[in-house]
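Below you'll find the structure I mean.
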Amino acid sequence: MIEIYRKRVFCADLQIGQEVSEVFCVARVQRRAGRNGYFLTLEFVDRSGRIPGVAWDEVDRLTEVLVEGAYARVGGRVTDFRGEPQIQVLNAAPAPPTVEPSDYLPSGPAPPERSMAGIHRLAESIADAGLRSLVRAFLGDPDFARRFAAAPAAKVHHHAYVGGLVEHTLSVMELCEQVARHYADLDRDLLLAGAFCHDLGKIRELAVEPGFPYTEEGQLAGHIVLGYQMVLDRAREIGLSPERMLDLGHLVLSHQGELEWGSPVEPRTLEALVLHFLDNLDSKIAAARPFLDEVDHGRTAYVRSLGRALFRRGAGGAKAEGEERSAPPRAG
Amino acid sequence: MIEIYRKRVFCADLQIGQEVSEVFCVARVQRRAGRNGYFLTLEFVDRSGRIPGVAWDEVDRLTEVLVEGAYARVGGRVTDFRGEPQIQVLNAAPAPPTVEPSDYLPSGPAPPERSMAGIHRLAESIADAGLRSLVRAFLGDPDFARRFAAAPAAKVHHHAYVGGLVEHTLSVMELCEQVARHYADLDRDLLLAGAFCHDLGKIRELAVEPGFPYTEEGQLAGHIVLGYQMVLDRAREIGLSPERMLDLGHLVLSHQGELEWGSPVEPRTLEALVLHFLDNLDSKIAAARPFLDEVDHGRTAYVRSLGRALFRRGAGGAKAEGEERSAPPRAG
Amino acid sequence: MIEIYRKRVFCADLQIGQEVSEVFCVARVQRRAGRNGYFLTLEFVDRSGRIPGVAWDEVDRLTEVLVEGAYARVGGRVTDFRGEPQIQVLNAAPAPPTVEPSDYLPSGPAPPERSMAGIHRLAESIADAGLRSLVRAFLGDPDFARRFAAAPAAKVHHHAYVGGLVEHTLSVMELCEQVARHYADLDRDLLLAGAFCHDLGKIRELAVEPGFPYTEEGQLAGHIVLGYQMVLDRAREIGLSPERMLDLGHLVLSHQGELEWGSPVEPRTLEALVLHFLDNLDSKIAAARPFLDEVDHGRTAYVRSLGRALFRRGAGGAKAEGEERSAPPRAG
Amino acid sequence: MIEIYRKRVFCADLQIGQEVSEVFCVARVQRRAGRNGYFLTLEFVDRSGRIPGVAWDEVDRLTEVLVEGAYARVGGRVTDFRGEPQIQVLNAAPAPPTVEPSDYLPSGPAPPERSMAGIHRLAESIADAGLRSLVRAFLGDPDFARRFAAAPAAKVHHHAYVGGLVEHTLSVMELCEQVARHYADLDRDLLLAGAFCHDLGKIRELAVEPGFPYTEEGQLAGHIVLGYQMVLDRAREIGLSPERMLDLGHLVLSHQGELEWGSPVEPRTLEALVLHFLDNLDSKIAAARPFLDEVDHGRTAYVRSLGRALFRRGAGGAKAEGEERSAPPRAG
Amino acid sequence: MIEIYRKRVFCADLQIGQEVSEVFCVARVQRRAGRNGYFLTLEFVDRSGRIPGVAWDEVDRLTEVLVEGAYARVGGRVTDFRGEPQIQVLNAAPAPPTVEPSDYLPSGPAPPERSMAGIHRLAESIADAGLRSLVRAFLGDPDFARRFAAAPAAKVHHHAYVGGLVEHTLSVMELCEQVARHYADLDRDLLLAGAFCHDLGKIRELAVEPGFPYTEEGQLAGHIVLGYQMVLDRAREIGLSPERMLDLGHLVLSHQGELEWGSPVEPRTLEALVLHFLDNLDSKIAAARPFLDEVDHGRTAYVRSLGRALFRRGAGGAKAEGEERSAPPRAG
Amino acid sequence: MIEIYRKRVFCADLQIGQEVSEVFCVARVQRRAGRNGYFLTLEFVDRSGRIPGVAWDEVDRLTEVLVEGAYARVGGRVTDFRGEPQIQVLNAAPAPPTVEPSDYLPSGPAPPERSMAGIHRLAESIADAGLRSLVRAFLGDPDFARRFAAAPAAKVHHHAYVGGLVEHTLSVMELCEQVARHYADLDRDLLLAGAFCHDLGKIRELAVEPGFPYTEEGQLAGHIVLGYQMVLDRAREIGLSPERMLDLGHLVLSHQGELEWGSPVEPRTLEALVLHFLDNLDSKIAAARPFLDEVDHGRTAYVRSLGRALFRRGAGGAKAEGEERSAPPRAG
């Protein structure tokens, strides 16, 4: 029986001065000309993050093993590169036949299966036969379902882990369901189907590989157009009416809300407005949460995707700091 | 018994050539120098809209009656002013002692009382004693309650009618309640109290008078600061803790979401983010709806507050037009 | 033999006070409630422009004939509506069986056939078999070719006439050919095919009907996505390689150059950069030219799509005005 | 002795229906093709404003007299054009040999001579010999001095009248003198000379003709570059040192403060920062004042150059309206 | 008698490799999980700046002394952290009972007392009894006066030192006085009182502690709203008329000039326009000056708050470099 | 005979720990106060890039040799400064009498002479006598020709090497010639002369010295105004007509296309529009190319001047990676 190899040393743990012999995924290899022949600049990656590398000797032999996207056992020493640790590679060997993917990819707080179950449940609640067939066609395609459950919802800012896409999709579907109950004139079925479809293109935009790199079509077409295309192909398959397809496609195309955020059209229907706002809300909440979790009370680190630091009021913090600095309701 | 005078002729009905003798509210009076002495340019208003006016003769006598903000019976003829109707005023008399305010102010689809009842119900569901006291203190103040129930939520773009503010406030509170159930880590009480308070300043920013003119403090301080001030004064009255006041005040101050939309601080807590998104959603939906209601199917007029025209798919429209123009899922 | 009916009276010629009996295309019909029953507000259109209309009487009978998109013989009087002429409709009858479409649609300076011939010639110069097949597949489809030759390149700003799309497409292809000769590392075939495809979606975005109205899919998906879809469908048909399709699709998707101008991705390849600049150049030149043609010398009217007025130096103007106002190379 | 002709009827006084026979300046003439031969669209101008015109008959004879920039006695009737008055021209004759320029150009509140005297006084207070010579060289050139004293400071927004440029220039010089006293490290002489020079280019950008039209070089080079050129030519004439010229030129080039406001470089020295702020302050105050002067108390009309309406507290207004609407310092 | 402890070693002097035993203020303490138990990341601060720290051992004992906001004697070695010095803490002890605050807070060029004296003098020159009382009420409150004199005017960009707020306030008051003399229609008293009040909220926004951290209410309400609140509370105390309060409050609220710079309303009165421009001028001059002081002649470092580098012409520099590089007034 | 000294060690090669004794150009010297007297912070430069330096001892003696802009033989050791190499200077001596300039300045792919020849050829093709004389006057001035051939086209983003300006100028002239053939109504002579002149100011904006520093007039006036001035001076010299000068000057002033990109006027003529687009195209292509050259296939590094990474499809890459990641034309 083939044993699965589990890592013990991760990128984020490496410190200058340390000897290293561990399996990493090779994210980048560049052969560059120095004064005394070629050398390699490298990047290694695992679920904890990234570390740069360099190799000065035996470049030809090393490049047989250090191939972009491959796994390799890397031996060497952690040295100082502009104040940050890097691996100075002394030798490299092919990785053991089976590595554990989860050692190289971050995972989220909840298992994707739970999110998938919630999505199935809400999909079945769609009353419109055409739209329900469409969503079922996706979910019933095992290849799609596997990729859907594995994908992250974004490369960096929110839900950037395996299972992130289904977690985000379910959350937006649930919000849409609630809001459809609040505004009686919304087309609940269209909104739910749109929430299901809105980020499908992410499974083709980002590769589920260490570092979640952009695919070629992710760079050249983008998840909005790719997702629209996926929906259109399924719609033709199941014979969805042109009007339904058009309205659903509009939800996918306009969900970023503004042209400068990458949507080629702005929301022009009530359902498109609602989907945009709820997708935005869920993304922002998810982007904010890890920063808030880092502090007990007070100011967080700067949240790049929001353009500001946030504030968390902790249970105890209110008392400790309140008197001194914040007694606002009295004049200066 | 004094009989209430009811209008029969409204601004929106006047046509060039028509004789007129009716009561209007005088929204603007300007005395201007012409070549042959002074003349008046005027603006009259009622619940249907506005109409300009002019008076060439007996200016001194007319200005005793035609006073800004007053009601007056205006006699004259509708003439053509740059292609639009205007009233050429020939005589003016004081209005009957009692006019019907609703003849001069637009009203919304639902009675304010119903919105107030919903707000009371949600207010009582606030578990936190301090925040509940605060909201109760507002609702229990008869003068406040009267002005709150009468105010519009905006001058033009959404809920711009008597009772609009409570309708919008209730809707945002309901959305907040749902979303607080969705995200377990939100402080439901703070969010509900924030939704209640967020637009309170509108009752001082806009006068509940024909045309909903900005008050002086509306122009010079704005509803966000005025509302913050109102909340702070109540908070001192009931002894709310400084921390609660600060967090609640932050929700009021940041609810517009961006500095350039008039908030002096951006949302920095989860609750502030949520309130901003849901307030924005409800306003945009309310701004869009009347434009969508105007068409059975197809493109609406341009919605200035959204910066685009919208689209409505009508029940019949789908069939009638679908074949011809929109068969999208086939190649060109 | 059925005789084709030719118009003699056009919208742009109508003057207040005139009697009218002529065939127009009905662009808009709205039934509105007045104080004394319903009335109609209308819009009529032909190749010279638009004119509003109104009908106060016999509304039910008129609406049988005055249907949106239909042609009708309209009888009535030109009256003054807010300073502009409008047709007060007194009677309406079905149009003669055959109207001449060119009476209702503006045409450009050159016949579409000439542009089509140029496009054919450049298409045949594409060396790459796959890309040449793709372009041939479009041009060899008679239905496509007919719609392509008839479409305008834009609703308002440039080439807004029948044949405008092929005129613009040919011009961009010619510019691309020249620039591909200048920069040796450009992929000439890809660039030419991209220039051919970049605005194809216009034939589905705009209806070739009086006024060039947006289609439903034009409003909800937009010409960039529609064009991408058309290219993708043809590519599947002829078996274009995935890489070629991706690169060509990228040219279509990114040709507007910036997200805020409606492209869902920005140009990421040399060819995409070049296509964007040359498309932009040709559109701007075409937008500017009619404004420059209007003046012999000096400042033009304001060009909305450029955000400024332009300047034309006329042959004689240089002398006439030069001495007085512009002697720049001397100190003040 | 030739008598100067004085106007009695001005554009702003003309009303629909009136007969007219008066001298105007011809601001624009366009010959256009109608269905029955050519007609003329015209624009007439005098110190009170503008009025459009039209001529249907005897076009050839009229165009001998109605020449752009010329004065002509115009006979005809004031008719309704899209709700606005226009002159329907029936005949035209050359104007009397001498018209009074001030009948055709607006003048400001103070005589230009007074502003010029102030400028002379401050110019003489410049201690640096080179800079003083430069300013003297301008002021001692009679042709320059005449044009400087006559020019407006802007076409529309502020000081848009004869003498406006010297009034604005003096005001900015005075402000600079005060601020140079406040910040001891400022180079007072450089700042004063820069204030003198900053808008000199206006005398070549705008023609001192009815309507203050842009000159050709105003359109193609703009007042900043023209003014820089004027200063550079004078600097060469008097032999100013290259360093002084460069620093002074920088003040002229950067005084608009931001690239998007038309300065090709941003302020990079303390003096350039100060000049920009004080020029901006004086322009904004001057733009605001006429709007504030129009109201006794309350909101002004919308000030386009500021992007908002302003507010004026009148002497009496405070009492009259205060109680009702603005009692701000009490809770809601 | 307790002796005050004076520091001899400051953050800015520490070099990698050095042994250290000195008192610092502890600005930040974070307990983090490493592979072998917890460790601490720290930040120490004094008047010269900041330095990061780390502690690997005896974490529990150290955290009794190393408390955020406390002073502590820190022993250890300066090591290399990503190319920058950091203190590797080996031991820590409570600081001596009395440290000298000025060792930990930067001070400005002039003593706060001198600025306070100038403010008192100008305050007494306010003729309006109500406004004078208001300013006196602030200045006569010893607690306020102490905090006012100690506060910085900003965290980073200008006057970021003890006494910076009164220095900036006095400068803006002086500028306002001069400009009020220049424009006769300004309300001098209102303008002076507004200049006094405009930044009062800074004393609650920023803590006068090492590093000038934002307070909670600084983060959640901001200095504009806090200052408005302080003025309103005083106004109620002394019975200022509602109109005066409103106009003065408007100056505080609008002084940043644009919504996107954090003012909830834009300047709508002449006085508000003037205050905004002069506050902006003084801040920018103060932000620029230290950068200019750093160079004798030529280009400064990049000034982040201005978005560009500045230029200083030095006394000698003009000659040395002029000939070679800048001989501008000759053609190329 | 004096031998020219050639460098063997370049900035980009230096590694921490290495001893160094080599000639560098001194780009920056700053004397700063430390705790134990003054020390120097330095920057050295050669054609390969920059390296910082520091000198702790014998500061007075060193500053006699280490002068900004001079060449010096520098002896010392490469040490670690914040993770980057720096030279710790131990001694310095004057450089050998003749250094090889090309050791200190980057050069481009083609010799400037070849570009100059192309420019001469196109210049002679200008039919208009005045414009041809103007261009000849520039090219016939040996001092100008030498500086023109040596200048870079930009400091960083494109053609940032000796000869870059003529390479870019020729490319834009060639593009203009082609486009002038395409659009028959363009003034070819004006366009070619404009392309020749558009960036002339670069020879005064940037010094052809190691690092291409901005000159003083480059900082204070900028290349657009400097180039306009150069053209104007030549135009006066050869007696070009004011109209031609104005039109040509407009091309120089407006070639950046937008005010916020530094042009004081926007393009207002057809030729100005064309020049702007083609200059922009050539700059962007030149900025992109080195980034594309760095990769065989796939995503490039981030291109700052374009605001995005680019993509290059390599010959082999299409196959290798296509199957896996990019199979786009199939549904998800």
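The letters A, B, C, D, E and F name the chains in turn, as written, and every chain counts its residues from 1.
One rule holds in what follows: a contact is a pair of C-beta atoms (placed from the backbone, for glycine too) under 8 Å apart; a residue touches a chain by one contact, two chains touch by 3 or more.
Because the structure is a prediction, the values reported are computed rather than measured.
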item: Those chains which touch chain D and also touch chain B; value: C, E
item: Required minimum of steps from chain A to chain D, each step between chains that touch; value: 2
item: Repeated interface matching B-D, over half of the contact pairs identical, chosen among D-F, C-D or D-E; value: C-D
item: Copy-to-copy rotation for chain D and chain F - C-alpha atoms, rounded to a multiple of 5°; value: 180
item: Equivalent interface positions on chain A and chain F, same or different at half; value: different
item: Comparison of B-C and D-E by number of C-beta pairs in contact, larger one; value: D-E
item: Centre-of-Cα separation between chain F and chain C, whole angstrom; value: 42
item: In chain D, residues with contacts to at least two other chains; value: 80, 82-84, 216-217, 219-221, 229, 232, 246-247, 249-250, 268-269, 309, 311, 322, 326, 328
item: Category of the chain touch graph - line, ring, star, complete, other; value: other
item: Chain pairs in mutual contact under the definition given at the outset; value: A-B, A-C, A-E, A-F, B-C, B-D, B-E, C-D, C-F, D-E, D-F, E-F
item: In the complex with chain F, residue positions of chain D that touch it; value: 216-217, 219-222, 224-225, 228-229, 232, 246-247, 249-250, 253, 259-265, 268-269
item: For the chain B and chain C complex, residues of the former touching the latter; value: 13, 80, 82-84, 298-299, 309, 311, 321-322, 325-326, 328, 330-332
item: Residues of chain A that touch chain B when the two form their complex; value: 171, 174-175, 178-179, 181-183, 185, 232, 235-236, 241-243, 245-247, 249, 266, 268-270, 273-274, 277-278, 280-281, 284-285, 288-289, 292, 307-313, 318, 322, 326-329
item: Residues of chain E that touch chain A when the two form their complex; value: 35, 80-84, 138, 144, 147, 200-201, 203-204, 207, 214-217, 219-221, 226-227, 229-230, 233-234, 237
